[in-house]
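Chains here go by letter, A, B, C and D, matching the order in which they are written, and residues are numbered from 1 within each.
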Amino acid sequence: MTQLNGGVVPPVCTPLTPERELDVASLERLAAYLIEAGMHGLFVTGSTGEVAYLPDDMRRQALEVVVGVAAGQVPVLAGVIDTTTPRVIEHARAAKAAGADALVATAPFYIPTHPSEFPGHFRDIRAAVDLPLVAYDIPVSVGHKLPADVVAELAADKTLAGLKDSSGDLDGLRAVLENTPSDFQCFSGSETNADLGLFIGAHGLVPGIGNVDPHGYVRLYDAALRQDWDAARVEQARLRRLFQLIYVGDGRIGRYSSAIGAFKEGLVLRGVIANATTSKPMIPLDDAERAAVRQHLDEAGLL
Amino acid sequence: MTQLNGGVVPPVCTPLTPERELDVASLERLAAYLIEAGMHGLFVTGSTGEVAYLPDDMRRQALEVVVGVAAGQVPVLAGVIDTTTPRVIEHARAAKAAGADALVATAPFYIPTHPSEFPGHFRDIRAAVDLPLVAYDIPVSVGHKLPADVVAELAADKTLAGLKDSSGDLDGLRAVLENTPSDFQCFSGSETNADLGLFIGAHGLVPGIGNVDPHGYVRLYDAALRQDWDAARVEQARLRRLFQLIYVGDGRIGRYSSAIGAFKEGLVLRGVIANATTSKPMIPLDDAERAAVRQHLDEAGLL
Amino acid sequence: MTQLNGGVVPPVCTPLTPERELDVASLERLAAYLIEAGMHGLFVTGSTGEVAYLPDDMRRQALEVVVGVAAGQVPVLAGVIDTTTPRVIEHARAAKAAGADALVATAPFYIPTHPSEFPGHFRDIRAAVDLPLVAYDIPVSVGHKLPADVVAELAADKTLAGLKDSSGDLDGLRAVLENTPSDFQCFSGSETNADLGLFIGAHGLVPGIGNVDPHGYVRLYDAALRQDWDAARVEQARLRRLFQLIYVGDGRIGRYSSAIGAFKEGLVLRGVIANATTSKPMIPLDDAERAAVRQHLDEAGLL
Amino acid sequence: MTQLNGGVVPPVCTPLTPERELDVASLERLAAYLIEAGMHGLFVTGSTGEVAYLPDDMRRQALEVVVGVAAGQVPVLAGVIDTTTPRVIEHARAAKAAGADALVATAPFYIPTHPSEFPGHFRDIRAAVDLPLVAYDIPVSVGHKLPADVVAELAADKTLAGLKDSSGDLDGLRAVLENTPSDFQCFSGSETNADLGLFIGAHGLVPGIGNVDPHGYVRLYDAALRQDWDAARVEQARLRRLFQLIYVGDGRIGRYSSAIGAFKEGLVLRGVIANATTSKPMIPLDDAERAAVRQHLDEAGLL
């Protein structure tokens, strides 16, 4: 099993055929492209990977394809995203069977859950499936923030191997970093404050737009590693401009539809995947929005 | 197929064995008890039925058990609760195969979704599975309210057959009632303002605590049918006091754990189900909390 | 001093000259119009009265004008709206000096306040100024709901004489009514569920659109008094349609600007006040929006 | 008039006598202490200065005292905090009369306000009182975030001279910095991510706990100025530990009461002010909580 050790670990997009089946060939190309670009791991079936839209079979299939391409070169993390413990455990078993190197699970959602119920949730998942477990803190999706002291408690007893922080709360991430062992793997999910995450000591990055510009995040990460903060900021500034492409559909369609549509359109334009189809009920980008994506890539020097 | 026609349609609890398997015998007794008490339908795998905690197999099994007991006497509605369209459709197909008379689906959740994406969601579900479709408006779980004009649009084109309103927003429910055909089935999910729902014209009720005191809700519903509002209010006042039992665990454990634990404890005390086990990661009631449930039932004359 | 005793107590609009000074003549006409229409009290410097926009001098002046017109025929309630206790007490003293019969105060706002600090807030106001004190529950403005048990505690010790509930939470209002003496004055702030408020036992109504159609709310209130719920619902249905006028500017301008602009435009159209100017930074209705207000009034038979 | 030019500009606490009058001598000592410690400006009647609790006379008096002590050595900023434009303008006039060098105003609050109404609000304030105007972005108090494009628009037309960002949203602060002239003064209101604010280009800091440990923030600021990020982080880590003192009363009393109580207790312990009285309805720290404050100061080497 390949071990998680910080670095850039993008949440891999899930290419679909026009009929909304998994586009296996495109996913293989994408995984290979990301590994060749120097990614330190691949996160499959995350939010950017449309996990909330994929039936179980497609989740499994997508994971198997990426595990096959990775072939042990880099660790493959699997998002096991579902409402509560028993349902998450089913995904966790399937992910282990498909060859995942680690699991990424959120706090319970749909049902309002009390912080006193978070530890049991993660401990039961960890007990049921023997793979490193990363907590996924994503309040915008699950409706509550994982408290830093809960994360610290679950790091101390080895329930958790790491944290993917998509809360945007750098204060909270600092609190986790201050209260966990130095090998507890903390990843920032921010595309636009990735330099700040690394500045405060995070071990790695999980940038959605890393699908489109993996090399940019490698440059940013390497600059941070050598403490060259000027270079890191310059790269971050460039990536911040590029990231504006997620807003191309804003107002007309949902922000998530806009962002995922833009990432996939970008991958089509860069010749990595075959088409930009997104899952239902997302609304596709229209022609003007697709042209805007092209312009963003052009300005970022990616065409 | 048995048709939905208003009335009291409780969200059936899902009894579990101490090992957290489905307790089939208890579920059979519960379904029979509710039908005998005069329920006009049964809503299986709803939020009160711990749907968010049940793996797919248990959802299917619970539905089959209730369909078997109902045997066409009353319609059986199946909650097909999942994050987005493709996943909901899988549940919808399974529910139809298991014999459901109607489907109940929420708006997408986990992923922030735009109101422009709601119509496509429900239309795709309706197109995929030929069963009456009821929209489930539950902002506390999915993070957004179903706008009344979206519901009206989907009622007008026959996508939706009804609405289960668990938003607590009586203003919005009135707007739906004012803008849909008179046979569009509107259900209030409120235990404590059920009389108000009926007063403004709702067709039925989906009270969680109807598991424990179905006769009370029948009395309330019948009083409303004959426009005897004094009687309806008196019954509602009694049921409001009884409903306080959901707070027995408040503060120590989550409100949902407290409520579901109390409903199940109540069903044990009334001799309907065998034990009060709830799904993980819910925390069980402690002895003092269980005693408080008993006292609530005692005061309500249910022991 | 004139005593508060339920009924319809509209939050009186504050007419302004085009230069945004108080339009005294218009306010005198409005107050006289409302009293003649049968209002049971007048609530000055409430949210609908643009209290948050009026400098202290204008608040005092508006109150004095209405007190003068009321001349003891009906009680005049004064909103004493400010961030915290010491500032509210200054307004309370000024309101008493200006002749108010009762005070209406919210929970603290701007600064996040803990429920444990609510009782002291209201007790200090009550102790500082000897006038009946009504708590104003308006979460949309102050960011938290007044818990029913806090209201009950402050009713029991005579700190509070009543509650104006603009939370829209009929469940909570029922809890207050169940746990306070029968003479504790509860007012619903809802224009669109006013019948429901009275159905559950509220003593009165504080409808913003009562400025424009006071007679409608008197009819609704009288029907409820004689338990003629069919008549109450019919009147409520008419008022619900009329109330749609608050949305004329939606999208282009803020909802509050739209609502206050529409109320004032309605009063101009009905010949009560001289012009529809609103405070800064509200954006005025445009011609199309003003025409829409006229159409709403026309359809409601108010022109 | 003394010009604002970045640096550490603490929101000055407002010392009170036990009778809750302004403690002039303590405020004079505090202002002198902060200037001597190297503060680059003083922000009077901010949120930390209990502005929301101070009647108008006390606001004016506090401002006059600090202006007198500053005597042109450093600029004095005055918070002009009230619900809407007309009321803010009254405070602005009073602040100019009292000698303020700049004004700090939030977006409107209490009344839900639409972003389209923000520009008019700030433009009217600026037009009414000729002093540099700083926008105060504090969503936790006013209920909405100032959009970066609104700030940029108001910077471009010289309505605003700067921004105090207490939103905690470093992404948004970056967007402002990227889209405003380099002399547009941006201040971070964060005590715990102050280094990150400076790292991304903010001109200064407004740390509440800078009352208690001004020297620490000067060290942090100076380190950032010379791009010595290791030193900045080390100082920040120390200040993060110290900042934990704001939680001493958590749970028992409100967080704001706890924080302001702790700041004032710290100033008493350091011999700067005479006593730790806070405004009503805040609940004072108890003995155990005061002892905890002492321990925090002790551990930070401040006693």
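As a convention for this text, contacts are C-beta pairs under 8 Å (C-beta built on N, C-alpha and C of every residue); 3 or more make two chains touch, one makes a residue touch a chain.
Note that the structure is predicted; figures quoted are calculated from it, not measured.
S.K.: Return the chain whose centre of C-alpha atoms lies at maximal distance from the corresponding centre of subunit C.
M.R.: The chain lying farthest from subunit C is A.
S.K.: Rounded to a whole Å, what is the gap between the Cα centroids of subunit B and subunit C?
M.R.: 37
S.K.: Please set out, as single numbers or ranges, the residues of subunit B touching at least two other chains.
M.R.: Residue numbers touching two or more other chains: none in subunit B.
S.K.: So which chains actually touch one another? I want all the pairs, not just one.
M.R.: A-B, A-D, B-C, C-D
S.K.: Quick check: in the complex, which residue numbers of subunit D touch subunit A?
M.R.: Within the complex, subunit D contacts subunit A at residues 168-171, 174, 178, 190, 192-193, 196, 199-200, 227, 229, 233, 237, 240.
S.K.: So in the complex, the part of subunit C that touches subunit D is made up of which residues?
M.R.: So the residues of subunit C in touch with subunit D come to 20, 47, 52-56, 81, 83-87, 90, 108-114, 116-118, 120-121, 124, 140-143, 252-257, 279-283.
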